Amino acid sequence: MTLALNIFTVLAVSAGTFFFLAGTAGLLRFPDALTRLHALTKADNLGLGLIVLGLLPLVERSFGALKLISIWLLVQLSGAIVAQLIADFVRRREPLS
Amino acid sequence: MMPSAALLTDATTAEGFLLVLAIVLPVIGILLLFALGGRYIERIVLFLIPAGLGVAAAVFTAVWRGGQALVYFVGGWEPPLGIALRADGLSAAMMVTVAIVIGGTALFARQEFGQPRGRPEARAPLVFWILLLAIWAALNIIVVGDDLFNLYVALELLTFAAVPLVCLKGYEDTIKAALRYMLFALFGSMLYLFGTVLIYGAYGTLDIVLLAGRVHAEPVAWIAAGLMTMGLLAKTALFPFHLWLPPAHAGAPAPGSAVLSALVVKGSFFLIVRLWFDAMPGLMNFAAAQVLATLGAGAILFGSVLALRQQRLKLLIAYSTIAQIGYLFFIFPLAAIATAGDPWSGFGWTGGWMQLFSHAFAKAAMFMAAGLIAETLGHDRIAEFGGVARALPITTFTFGIAGLSLMGVPPSGGFVAKWLLLQASVMEGQWWWAAVMLVGGLLAGGYIFMVLGKALSSTDVPFEARDSVARGREFVALALALCAVLLSLVPLRPSEFLQIGRPAVPVVAPP
Amino acid sequence: MTLTFIFNVVLVALLLTVATWIIVARAAFSAAVAFVAYGLLLALVWVELSAIDVALTEAAIGSGVTGMLLLGAASRLRETEATAVPAGRPLTSAVAVLCALIAAGLAAIVLFPPSIVFTLAPQAMARLPESGLGNPVAGVLFVYRAFDTLLEKVVLVLALVSVWSLAPDRFWGGVPGLHVYQQPNSVLTLLAQLLAPLGIVMGIYMFWTGANNPGGAFQGGTVLAAMWVLVMIAGLQNVPSTDRRALRYLVVLGPSIFLTIGLAGFLLANGFLAYPPGYAKPLIIVAEAALTLSIGVTLGLLTAGPPERVAR
Amino acid sequence: MMNAITLFGLCGPALVGLGLFGLITNPQPVRKILAFNILGSGTFLLFGVIARRGAAAGLDGDPVPQALVITGIVVAFAATAMAIALLLRLFEETGRASLNSSNPNNASETTDAS
């Protein structure tokens, strides 16, 4: 059981890290602000979600698990809204694109 | 929560609570003024200034009577875990000087920075009084603080109070001067803090008394002392770190200039002395002392020559401050390496401090006089000073007798100081400092007489009659200048009071 | 070479890269953006150094509020950058050599530490039970060195006075020039509505737990300040005018209560800033509660800047 | 031997060097303020390493330096806030944000009747 959980942790965290890497690559390579934003938010949500999911079995107390999940939720919330704000700003500054 | 067996020979003394009071009183004033606002300025300040003067006098008396330092362990926690306050003779004398200059400044500024009745709270008055009280609190901590980090916080408090004072008028030039001052100060405080960190790492305490027994002449101590000294020199505006001072001190309103020049730069100088003489007594050697004094000599010559070339009175006085700060640094070669006995009983020690006290009174008086002249004329261009003496006889007289101290001519505290320092440099066989002092005195004579000569000359344009209110302020400036003169009553020998509570002759075994 | 060590090497490499970028980057705005990232990396270093209290402070104040101030300044000053005249090359090289020498000297001190390691940890721990606190850092801040903490609060009040003093005379007592987001009912409003209640709970929790766990008045107060600024920027609450009595009382509330408790020590305990036996913890909690509130208001006002328009 | 603590300990001096360099050479005040913060964080980091090396009595570090760093961070923040406020005010007055100054003797009257 522990082994299975450990394998799960390794897989999930690795997958999460991969998404972060992909997101960073997108941030660096994509041509304009909106697509970069797209890459970044996707990676953030998925990557962090997977990492949190992977870490959950390692947490000893349920309060710790609650903290982990709330971190993810908070990042989701702020990430989504900040992305909106940036997109809004870009749209207003460059109405043509 | 009684302190356990004290590690020190010192323990909280009976009158130690006075030191807390000296710091807390102005702090209460700051909080009250901020909360209650401009309408209460008169009442709060009118209560606090005499109370603070009283506390300073009480500290002075207690040290005088007891013949030993006052000590207070805050919260009952002894160092190294806790913070100690300690007032020796020197601290007590500093505290009284600070209180008198602050008190004088308060009287002088009452009219200029009064909250106008029946009007909404005005900016400059409220800010001025809060800053003045903050400078007072910070300086009181600096003179009695015994913990290097606590002193860092006090140093920052002093800076944060001094910088806005520079640009209180809000003109473009003064804001620029304040920003430059701030950047110098940031540089200085970080270097000081870095040295503090190194000292804690090497010796496990920040208490000055404990450090004296632990510090050895080794690389880490040298690097720490070097960085801290450099940082404090930047705040003291010793040549070649003086660039920020003239525009800052000249740009502040007159009472602000008085406090900045008379007291604020002395705060960081005081810490340099605490560092080398109290915290790290085994570290000072001939070469280090010569370097510091050489910078001082540079300041005297450079500051005086530039003062001579100024066309505006406030800038002239500011450059004169740079020069007069230079003399203070002669204390290092002339007191640190006393040929006979301990440093405290030598001529150099007393001479250095007399220079600080007399300059504090004289410079405060001089900036006030300059403020009154500028107010009357509407400008401070020296070339157009003709007739000032007839219009403002008391102020011109004030400027003159304050000038005596800067030149080092009797009867003045400046004469006592410079005479003692000359004596010390002859006794120590370091005649070169004597030569610099003589040249500095001549140059000071030059710029003082340049101003007086213009002021005494006649003019075709008659002056308008002044307000009668200004007469009171003229007398405040005169009183401070007379304090500098009164210091000449101090006997021309090493002061016993300034030796009270000084540590025994440092004996630091090599590592 | 353990995995943790490799992580630390990467962390330090990143930290130094970002720091170098902050110093050499062409645009001040990108340097300020990098500074926020730098602060977060630094907070990780503090975690690695087992100084969680400092990590929280660094993240909240060092990176968060300081970063916000710097970003604001850099964006307002953007058009002035072209006019700055860089220092000459010989001077720059000389200073670079000098700074490298200083850094090398300091590095030598790190590499060859003194043979005796001094620490106050045993003394601090031995006397901690007297205060009833469980967090030794809180013990240092509110018991052994409470005087530093009190003075630092006065420094904050003074910094606020100084910042306000830069207002032109006609705006004294007016409203700070915080830039409010122009579009009402945007997603920012939503963020403020969702995040602010959570953040306030978080800030109070951080102060409350600080007596026994990492946290405390500074960190909690900073979170409160951030929430308040967010609410103001989102336009949910007006930026208050600086002549409001209540605002001034809130700023001095914490320092005043702390000072009062300190002075009461003269009568009730072993002197200034000493606590009567058995009452140390409740008194510290009271002081910290007031300080958290005052820090929140003061930091918020410092971020908002000097008054820039007349109160309505 | 190189361990993580020494690594962080070396990071401190490097940051101090960088910060000093930026503080002295960069002409823009806002960059000087940034450099001051780097200088400060290097100082604090070294203090943190000293604290970590003082681990004893069941603690992972000496709490005294840790507490001092917290106070230091707050004071450094206050300094930054003040410096930035000054800089922004200068910018509003002059439209510029540099200290390239004129001779103080030529400066406009700063000592008029006040």
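Per-chain numbering from 1; labels A, B, C and D assigned in written order.
Following the convention adopted for this analysis, a contact is a pair of C-beta atoms (placed from the backbone, for glycine too) under 8 Å apart; a residue touches a chain by one contact, two chains touch by 3 or more.
Quick caveat, the model's predicted, so the values are computed rather than measured.
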If you tally C-beta contacts across B-C and across C-D, the winner is C-D
Centre-most chain by CA centroid is D
Distance in whole angstrom between the CA centres of chain B and chain C is 31
Distance in whole angstrom between the CA centres of chain C and chain D is 13
Dist(centroid_CA(chain A), centroid_CA(chain B)) in Å evaluates to 57
For chain C, residue numbers touching 2 or more other chains are 105-106, 109, 113, 118-120, 124, 144-145, 148, 152, 155, 158-159, 162, 166
Touching two or more other chains in chain B are residues 81, 149, 153, 156, 160, 163-164, 167, 175, 198, 200-201, 204
Where chain A touches two or more other chains at once, the residues are none
Chains touch one another in the pairs A-C, B-C, B-D, C-D
So, in the complex, the side of chain C touching chain A is made of residues 183, 186-188, 190-191, 194-195, 198
Within their complex, chain D touches chain C through residues 3-22, 24-28, 30-31, 33-35, 37-38, 41, 44-46, 48-49, 51-64, 66-71, 73-82, 84-89, 91, 95-98, 100
In the complex, chain B touches chain D at residues 81, 112, 149, 152-153, 156, 159-160, 163-164, 167, 169, 171-176, 178-180, 182-183, 186-187, 189-190, 193-194, 197-198, 200-201, 204, 246-247, 250-251, 253-254, 310-315, 370-371, 374-375, 378-380
Counting only contacts in the complex, chain D reaches chain B at residues 16, 19, 23, 29, 32-33, 36, 39-40, 43, 46-47, 50, 53-54, 64-65, 68, 71-72, 75, 78-79, 82-83, 86-87, 89-90, 93-94, 99, 101, 104-105, 107-114
As the complex stands, chain A meets chain C at residues 74, 77-78, 81, 84-85, 88
